[in-house]
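The next part holds the structures, each set out as structure tokens.
Both of the next two complexes hold chain A, though its partner changes from chain B to chain C.
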Partner chain A sequence: MAIPALVLFFAFHTLPALTGLFYSFTNWRGYGTWEFVGLKNYINLFKDARALDSYLFTFKFAIVATILVNVISLAIAIGLNAKIKFKTTLRAIYFIPNILSVLIVGYIFNYIFTFFLPDIAQVLGINALTKSILGNPDLAWVGVVILAVWQACGFNTLLYLSGLQTIDDTLYEAGSIDGANKWQQFKAITFPLIAPFFTINMVLAMKSFLMVFDHVVALTGGGPGRSTESISLLIYNGGFAGGEFAYQTANAVIYFIVILVISVFQMKVLQKREVEV
Partner chain B sequence: MTSQEGIALETNHKRKKSLSLIKFFKNKDTNWTTTILLLIGSLIILFPLYLTLTVALKSPQQLAQSLLAFPKELHWENFSKAMKLTHYFRSFKNSSLIAVPTVFITLLTNSMVAYAIARNMDKKFFRFLYYYFIAAMFIPFPIIMLPIVKEMSFLGLDNRLGLTILYIVYGLSLNIFIYIGYIRSLPISLEEAAIIDGANTWQIFWKVIFPLLKPINATIGILTALWAWNDFMLPLIILNDRELMTLPLVQYVFQSQFSTDYNLAFASYILALAPMLLVYIFAQKWIISGVMRGSVKG
Partner chain C sequence: MKKISVFILFVLLVGLFLTGCGGKQEAIDGRKIKLEFFQNKQEAVETYDYLIAKFEKENPDIDIEQNFVPESETVLRSRLAKNDIPEVMGLGGNAIYGELAKAGILASFSDDPKLKEVQESYIRMLQDLHGRVNNYGIPYTSNANTVLYNKDKFKELGLEIPKTWNEFIATAEKIKSAGETPFYLTFKDAWTAMIPWNSLAANLQGEDFIKQRIVGQTTFKERYDEVAKRLYSLLDYDHNDNFGMGYNQGNTAFAKGKAVMYLQGVWAIGSIEQANPDIKIGAFALPAVNNVSENKLVSGVDTVLTMSAKLDGKEAEAAKKFIHFLLEKENAQYYIDQERTFSTVKGVYQNNPMVDDLKPYFESGKIAAFPDHYYPSGMQVPNLVQEFLLNGDVGAFLDKLDNEWDKVYSRQ
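Up next, the complex of A and B:
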């Protein structure tokens, strides 16, 4: 069983990845003839303002979304782990966004940002928000962050919740006998003990947000202008419609290296902290 | 009355008052501040869904009058119009014909591969396989995106079958990681007993191991189903034929035709979200515990 899996995996995953790497050294447009151009695609990428902008947007978005998702998810998880009423129902509600298609939820949020929020802002007299934030090149990325956080929190909350349930209650009893307040208990007991869950949540969230695609397609299509064009969307747009097959594969190779470096760096830094505590 | 007596009386009174409250709320340990905060927070989750449902049930005139209010008269015809426009049953069938086989074949095959690797980690080849599959988790999809489209259309797999294969293969990395963590926690003595009884590897897997994998199979099944059903990017790049389009992809393709009629668009969104929502309402306890288990074992 392992051999067919190896063959299929090689054929549908490794082979296309290698083909991509190969084409990144050519000038293929996705059709017609091609020739080798060496590192030209890679050199051009570093001078390409459009590519640079997409990296800036993607990073800005991924960092803010990762931090927000982890802070909010941890807070919700602690709440859901406390002695509360309607525990099962509340857990069920907070996970709903994760079972829905991001694209469709994105269309719904698009409507909320375009019509609902400006209406509310008008009634409340908040002039700054009477126009859709999605139409504003400086603010559109905030809309993408809101959608991403709304959609992703449920999953990370569940991961934190399962981490919290591994903590022995007697530790908190001992803590309160020693006179520790809630914040001290969180700092000294909860957070150190769920550190492995924190690491995995940070890495997973960052990785998936760096790949952002559906959110952007549904909310802004990359606009206004190109202010919210993520790296995935740029590779898709340029590669399929723009005749930049080889050029965008080179972009994808750089993207791969960037993601790998960030993931390894995150793991190293966060795991080091785990060991210290 | 001395001041101490006064304080004593007052605390006594407070205690009595809180006692009646305790009786009222039954459980003295309940943290009500947290409960109320979480209830308010859940409105942020539910509000967009409420808005979607009410917009889907209004007429354009009603929508123009008031965005928030519950519709006075219900325009169910929005749903039937949306169904006709997007060929709802066809795309529902397409989504099902991809997601259901994906889940079943993933459970049957990925668990076998994981078992083979987990029990042969002392051999070089299987250790290589393990790291090979795990390492693939770090390869971002866009690097494969452009070549895989060429490859799939070259192989004649730019259809439902092709998508099913891709979901099964691409799930392997993460699934093996979760399965192997779980299989390692199973006692090896069970298999040794089966070997003494004369069972071969195939029989051991199906009769001894696979039944023991039930909880983790539930986890993998749920995560795979959510992914295969909701995914937008793979169908977008692989499928060309309109007749084969999945539920999310149809929403994307018809977006331009909805552009003026939000009621119709929202009816269509509800129709596309409903299958998963219904499954979730009936199986939420199971789904939530499944996802939580995956994270502890994985």
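Up next, the complex of A and C:
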């Protein structure tokens, strides 16, 4: 049974990846004729301030979003795991944003940022917010973070919830007999025991936020200026709309390596933490 | 077990392969010639439907299938990557058309007799895009890059169409002091900033800017100072939230009378009228200079008709027949009456009173091409302009334009 799987995997995954790698050493525009240019694309990439800017934006966005998503998801998960009414219904409600398409949600948020928030700010007299934050190059990324975090929390909450269910209730009983308060219980029991889930959540969230694309398309299209142009969007814009297919393929290859390295690094560091506990 | 699964996989792959090849075969063997007509204008879908039906009635052996997709240029590029070229195409006369022509994707139209029936200035505009004497398509319609204005409000405020840059600013000033908004700027969509940019650049960049820039004889820094400054000065006459509003919101706002002037091309008129059927709109050429006789209207090829270089025999004949059909006077007139664009066919004129003020420019030939069609698309100038409008640093902006130009050229 392994061979067909291998063939399929090779045909639909490895082969396209290798083709991409191959084209990154050419000057192919996506059509027409091409020739080999060696490492020219990679060298130009390191001189490209625009690529650097988009790396900076993407990392800033991904780190902030990852931290926020994990903090909020963990809080929601603990809340939903407690003995409350309508537990199942609430869990379903918190998961809903994750099912909706980002593009559609994006247009709703677009409306909120463009009309709803400025109107409220006007009434309250907060001058700084009377203009759409998506039109402000210093603030537009915050809008993207808000949408991304709101949307991603459901999924990570679900993972944390399943982690919390693995903890034996007797541990808390023992803890409360020893006189530990809620915070001490969380620090000494809950958090260490869901460490593997924490690891996987951090890695998954970071990876998906580094690849952010549709959130940006729906909210700002990379603007204003180039202030919210993520790496995926740059690859798409430059490669398809800008006719620099081979050049942006080189960008994609480097980007792949970067994400791989970060994910492996995160796993190593976070897993070490798990063992110590 | 293993054998079965390998067999299933084999059948699947063969199936995939055959379906992939099927479509093409049918088209050649069948009695009817089937052609795809890939076009980029959402507004024109119904107009083409009508013309195609008429064509198919006259030519029962040819079947034309119109294909419009949003973001058509991106779609076209990704289809080209698979070597899947539409048979007949209606494209915008911009940098991408030039690149496709250069790459040998488009059929040659150099000996086409219809070329004599269209206005030469537009043929030259297209030739400049791919930089050769050959032709890779026939210009069909042209557009105009204008300032739209609310006729009722102009009357109310006692304003006249400005003829010079100074008058233009004075008009804006008057509107502002009357408590109205002069311009509804929609810079959330970066491309909308290119409307005033193109009018200013076309009139101010000087002769042969692109040709000289390519060989390094001039720079943006030398020639574009005034363009950038005048563009930036428009921000004094804005509404509160220029970078929060986009094209669609701008069309609606202008239709509802929230601004007196609107920096858009004639292509926006349709959707403005949709938002408010009672509005009376006029259009004039943005007066970029102070010498009235020198001011030119920016107009470009809105649609160029062309076909794939891969076609031959009967298919090529049919494709050409269809293109020639669209260019016939009667059909060209029908098209521009519906779309409010202008025809490139000699003797076919736009009679809509809305664009009366533009007529003298077309009649006297005071037409300039869109400057941004000649910038390499990898530069993504609209975003750079948007960034500049946010920070207002002219020097840094012009340096950046020059840098990006050089970088994009060094990558090719």
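To be clear about the criterion, the second predicted complex is superposed on the first by the 275 of 277 C-alpha atoms of A that agree within 3 Å, B and C clash if a C-alpha of one lies under 4 Å from a C-alpha of the other, contacts with A are read in each partner's own complex, and residues count from 1 in each chain.
By definition in this document, a residue touches a chain if its C-beta (ideal position, glycine included) is under 8 Å from a C-beta of that chain, and two chains touch if they have at least 3 such contacts.
Just so you know, these numbers come straight off a predicted model, no measurement behind them.
Novice: Tell me the contact category for A:240 with respect to chain B and chain C: first, second, both or neither.
Specialist: both
Novice: A:44 contacts which: chain B (first), chain C (second), both, neither?
Specialist: second
Novice: Contact-wise, after the overlay, does A:30 reach chain B, chain C, both or neither (first, second, both, neither)?
Specialist: Both: A:30 reaches chain B and chain C.
Novice: Check whether A:8 is in contact with chain B, with chain C, with both or with neither, and answer first, second, both or neither.
Specialist: A:8 contacts both chain B and chain C.
Novice: Just to be sure I read the superposition right, which of the two partners does A:17 touch: chain B = first, chain C = second, or both, or neither?
Specialist: In the superposed model, A:17 contacts chain B only, not chain C.
Novice: When the two structures are overlaid on chain A, which partner does A:108 contact: first (chain B), second (chain C), both, or neither?
Specialist: Only chain B; A:108 stays clear of chain C.
Novice: For A:132 in the superposed arrangement: first (chain B), second (chain C), both or neither?
Specialist: Second partner only.
Novice: Looking at A:118 after the superposition, I want to know if it touches chain B, chain C, both of them or none. Which is it: first, second, both, neither?
Specialist: second
Novice: After superposing on the shared chain, does chain C or chain B touch more chain A residues?
Specialist: If we count touched residues of chain A for both partners, the winner is B.
Novice: Using the touch definition from the top, say if A:226 reaches chain B (first), chain C (second), both or neither.
Specialist: second
Novice: State which residues of chain A lie in both footprints, the one left by chain B and the one left by chain C.
Specialist: 1, 8, 30, 240, 245
Novice: Which stretch or stretches of chain A touch chain C in the complex?
Specialist: So the residues of chain A touching chain C come out as 1, 3-4, 7-8, 27, 29-33, 40-41, 44, 47-50, 113-114, 118, 130-132, 134-137, 220-227, 229, 237-238, 240-245, 247.
Novice: Per the contact definition, I'd like the list of chain C residues that touch chain A in the complex.
Specialist: It is residues 1-2, 5-6, 8-9, 73-74, 77-78, 80-81, 83, 96, 99-100, 102-105, 187-190, 240-245, 249, 377-380, 383-384, 386-387, 390, 403-404, 407-408, 410-412 of chain C that touch chain A.
Novice: Where on chain B is chain A touching in the complex?
Specialist: Those residues of chain B that touch chain A are 27, 29-32, 34-35, 37-39, 41-42, 44-46, 48-49, 51-52, 55, 67, 109, 112-113, 116-117, 126, 129, 132-133, 136, 138-151, 165-166, 169-170, 172, 226, 229-230, 232-233, 237, 247-248, 251-252, 255, 262, 265-266, 269, 272-273, 276-277, 279-280, 284-285, 287-288, 291-293, 295-296.
Novice: Report the residues of chain A in contact with chain B in the complex, numbered from low to high.
Specialist: 1-2, 5-6, 8-9, 12-17, 19-21, 23, 30, 76, 79-80, 82-86, 88, 90-105, 107-109, 111-112, 115-116, 119, 150, 155, 158-159, 161-163, 165-166, 197, 200, 210-211, 213-214, 217, 231-232, 235-236, 239-240, 245, 248-249, 251-253, 255-256, 259-260, 263
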